[in-house]
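Report on one structure; see the data block that follows.
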Amino acid sequence: MAIGRESVENLLKLTKPKWRTSITKVEPNRIITRGYPQEDLIGNISFPEMVYLLLKGELPHEEQAKMLESVLVSFCDHGVTPPSTQVARIMASTGANMNTCVSGGISSFGKYHAGALERSMHILQKIIKEGINSEGPPTSSHELKNSALVIVEHFLKKGKKIPGYGHRFHDKDPRPGKLIETAKKYGCFGIHTELAVYIENLLLEMKGIHMNIDGANAGILSDMGFDWKHGTGLFIIGRVPALVSHIYEEKSVESPFRKFVDVEDIYFDGLECRNIHADRNELNTSK
Amino acid sequence: MAIGRESVENLLKLTKPKWRTSITKVEPNRIITRGYPQEDLIGNISFPEMVYLLLKGELPHEEQAKMLESVLVSFCDHGVTPPSTQVARIMASTGANMNTCVSGGISSFGKYHAGALERSMHILQKIIKEGINSEGPPTSSHELKNSALVIVEHFLKKGKKIPGYGHRFHDKDPRPGKLIETAKKYGCFGIHTELAVYIENLLLEMKGIHMNIDGANAGILSDMGFDWKHGTGLFIIGRVPALVSHIYEEKSVESPFRKFVDVEDIYFDGLECRNIHADRNELNTSK
Amino acid sequence: MAIGRESVENLLKLTKPKWRTSITKVEPNRIITRGYPQEDLIGNISFPEMVYLLLKGELPHEEQAKMLESVLVSFCDHGVTPPSTQVARIMASTGANMNTCVSGGISSFGKYHAGALERSMHILQKIIKEGINSEGPPTSSHELKNSALVIVEHFLKKGKKIPGYGHRFHDKDPRPGKLIETAKKYGCFGIHTELAVYIENLLLEMKGIHMNIDGANAGILSDMGFDWKHGTGLFIIGRVPALVSHIYEEKSVESPFRKFVDVEDIYFDGLECRNIHADRNELNTSK
Amino acid sequence: MAIGRESVENLLKLTKPKWRTSITKVEPNRIITRGYPQEDLIGNISFPEMVYLLLKGELPHEEQAKMLESVLVSFCDHGVTPPSTQVARIMASTGANMNTCVSGGISSFGKYHAGALERSMHILQKIIKEGINSEGPPTSSHELKNSALVIVEHFLKKGKKIPGYGHRFHDKDPRPGKLIETAKKYGCFGIHTELAVYIENLLLEMKGIHMNIDGANAGILSDMGFDWKHGTGLFIIGRVPALVSHIYEEKSVESPFRKFVDVEDIYFDGLECRNIHADRNELNTSK
């Protein structure tokens, strides 16, 4: 059987594409992001607008852009106390490249570090969408307060921390108050943030625990329509400038390959001396 | 009981701080970044101002902030053509966490990928600071043009690409023109960018090669006073939102663990069948 | 000058060690690993014995060492089909360093890729330790077969794959047969591997699905007393040489920064052209 | 024009393969590594033989295999003093996955950490291949000693450390002596190691500096025919078991998310308090 040239060309166009995307189209001399030529975006939209456009496929309203800007600024830095920053600086000290060190910092976010935002968003979005025990979304302040109570009791009974509340360095994190004030100013205080505040009220009364930065941002970002799966990504966007700054500081101020841990800083636990030949004999005869 | 001075001094040797920073001070309930309480920064400064403050320790002028915003926006995305984006998406497909995938994308920047900005900044800053052959900074347009010529000839003679010029997907990258126009608008077009333009003029005439995004941003960021060692860090800050967006798209649109490379896509080179027992016998007798 | 006890105690608070370990003690000119001076280990123990010693704190019997060697060899390579290998090679192509590329490969192991060994070990160890529904460990072949049936039915009902069974490239993975034969030879075929085989028998009968390399190694490593939390670590130890080899091949055989994905390989989905000024006007008036 | 079915099928076979390899061929139910079916390798070759086969494409002699085994064992661990191990443990403490932590450890190798092996191999191989100043390979012990002198003087004049000599924790590293003894035993002490020893003799006499583990292994691996570009890869293969072991120890012995750096451990440098509104006013009026 013979096949026409045209259909061969169609076949050759790779029928099952391994790669496809709705984010950016690249053609010779044209780069179209979410429908906009990039030369139209440069100089015309703010960085938070770009973030919003990339993540959600649409431009935000002006006030949403301002709110996202405040959220991103709030993630900026926490000095050298976060493990991710320590990792980035230790790596910088070995002479690793800037991008390798940033990468190391970001991959240091584990379930105990920088995961609270996403988990808090997940909880808030689940309750607002499905209600407690999937009985439907809360429809009044009363039901919302009740949802808060169920959540708090659920975690307290399990002896677990509620993501978004409490901070190991601060009794009262100075950031959430300003964030919530800003959300009210920009019309981004909605039902998710309201729920987050009810949870804080209960926790404060019962255990003296305040909301932290992640609790506030979880409410606000959810009210702005961000999927909880965007949570860690948004935190990374906000935190990367600090990592760059710390890596630069380590490389320019400190001595290369300095000893972060000296021998006298280490406690050696149960490392008595053994003899390999004796141990191996015993091992193979006792078998 | 009292203790002698000497042993106290020994004790105090432990206190030589392993960690110090000028970026952010953390105290209970207070977080001070570059001198400003963070609750004063949230809602009051833009994200690019925050980036500038973190990296340089000072707030920028309003126009510098606008310029940095445009630069960061220009780094946004290049679809699925960059290796870093492919890496981030392949990792996303394996079920790796968001932060792990972003980290993988960032660590994919090697000397051939995303290194041009920093190298271009380095060249421009070296010439402007030291002149060609360290004979002192260029003091006129004529000397600057001559420096451009020396650079171009140096690279052409070696058969090497000049970082910041040419693009493997575009004859004429659509972004540098808009960036340079913006730099002029915001008073950020200075001697480094002038030099970058002279280089382009020569390259265009001699080889038909245009400036790319890195060449333009190298000039502009240098004119804004950024150290070339900040180059890759600034690129990462601008590119991270795209990585987050691609990882999210891969995870939400594509099937998990899909085959990016199928067996029929692979060419196996020289893998004829061998017999281990025969080969080992020969190996140990021929010895 | 003498100093009071109290202030000394305050000083001593700094001495609470941040770092301690039972793995290796470092003193000037002495390095003691698990009790053995390293110069006694070099030349006297095999690499798999070293792995066993590091992970479990004791030397293995001779046959355990041989078994672990076979397990590590079995992890060696799967060509360029695994996403981790693709990531390592794409990174190598950008000019990233060897260690960065190995690191990228390893961080590509997500829940769908290279996680099956650990999850399979977890299942087998849980059943052997606690029994189905925590009613106590199985005490006969009959109970063991019954446990296998409960596991298979549990996963089939949920429509989920059982970790350690089936392979996306092989109907019948060629490695598990040889591994189980080797385990019998070295006295490392115990109750966990027996359970793994019973599961295979059922799956084969019901769905035509065979055990894969992870299922066999999960049984064997569990019978050797390895904690399931060591699973991914052991796989990494076995796979790293292949990553090194692929990165070296990419760097020495292929052109740097080659296009793994060309523009014509990409399908652009819904990226119609939009006008930023029109869209923004509409956005802010419709608000 | 019409095209025959056969040539279409040939065309469809992807004429320009993006992926090719000489390491492992994967076919349904067959995995062929360097020509050998994997089921023939499992149980028949040692792990170091597998490493050699993967990296060099051939099986080693028995004595080369023993030598490589000793080299890999020698890389095993250096407690918690290396930055890479600290990074792996800090990441483990955040709850990051085993593979993410191993990856973090490996990406911490920078030019000051774990790079000496490769650089030392590079120097030795260059001298043996090209001679000093490319005047041809040294052909006598006398010329070799002279090469050693030129190298030592070159580094001393520049005030730089020679890679492979000296150790920040040991005056006399206990491992190289045993390695060189082993190399002599297994016929792997050749001209590269001889050169390495001559360098040590001079350094010891002139500066009291001994060879370290990297210097010894650089000589031995070069004499075994390994390309210097394999150096860091071989070190990683040998060190990964320790990283796995430290991550496991951190996760099983220590509290999650413990404070490696407490606020009182940090010295804050020049973070006096500033007022954002005042500063911004001044900034924009003074412009």
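A few notes on this one:
So that you can tell them apart, the chains are marked A, B, C and D in the order they are listed, and the count of residues begins at 1 in each.
Just so we're on the same page, a contact is a pair of C-beta atoms (placed from the backbone, for glycine too) under 8 Å apart; a residue touches a chain by one contact, two chains touch by 3 or more.
According to UniProt, the chain labels map to these proteins: A, B, C, D = Citrate synthase.
All of these numbers come straight from a predicted model, not from anything done at the bench.
Contacts with chain A (Citrate synthase) and chain B (Citrate synthase) are shared by C, D. As for how the two copies chain A (Citrate synthase) and chain C (Citrate synthase) face one another, over half of their interface residue numbers coincide. Chain B (Citrate synthase) and chain C (Citrate synthase), compared by their mean Cα positions, are separated by 32 Å.
Here the spacing of chain B (Citrate synthase) and chain D (Citrate synthase), counted between their Cα centres, is 25 Å.
The set of chain D (Citrate synthase) residues that touch two or more partner chains comprises 18-19, 21-22, 24-26, 28, 37, 41, 45, 79-81, 86, 97, 100, 103-104, 107, 109, 114, 169, 260-261, 263, 265-266, 268.
Taken as a contact graph, with one node per protein chain and an edge wherever two chains touch, the assembly is complete, since every chain touches every other chain.
By the touch criterion stated above, chain B (Citrate synthase) contacts chain D (Citrate synthase) in their complex at residues 17-22, 24-28, 32, 34-37, 40-41, 44-45, 59, 61-62, 97, 100, 107, 261, 263-277, 279-280, 283-284, 287. For chain B (Citrate synthase) in complex with chain C (Citrate synthase), the residues that touch the partner chain are 1-5, 8, 11-12, 14-15, 79-81, 83-84, 86-87, 90-91, 93-97, 100, 103-104, 107-115, 168-169, 256-257, 259-263, 266, 268. Chain A (Citrate synthase) makes touch with chain B (Citrate synthase) in their complex at residues 18-19, 21-26, 28-31, 33, 37-39, 41-43, 45-48, 50-51, 54-55, 69-70, 72-74, 76-81, 86, 97-100, 102-104, 106-107, 109, 114, 118, 169-175, 177-179, 181-182, 185, 227, 229-230, 232-234, 236-238, 240-242, 244-249, 251-253, 260-261, 264-265.
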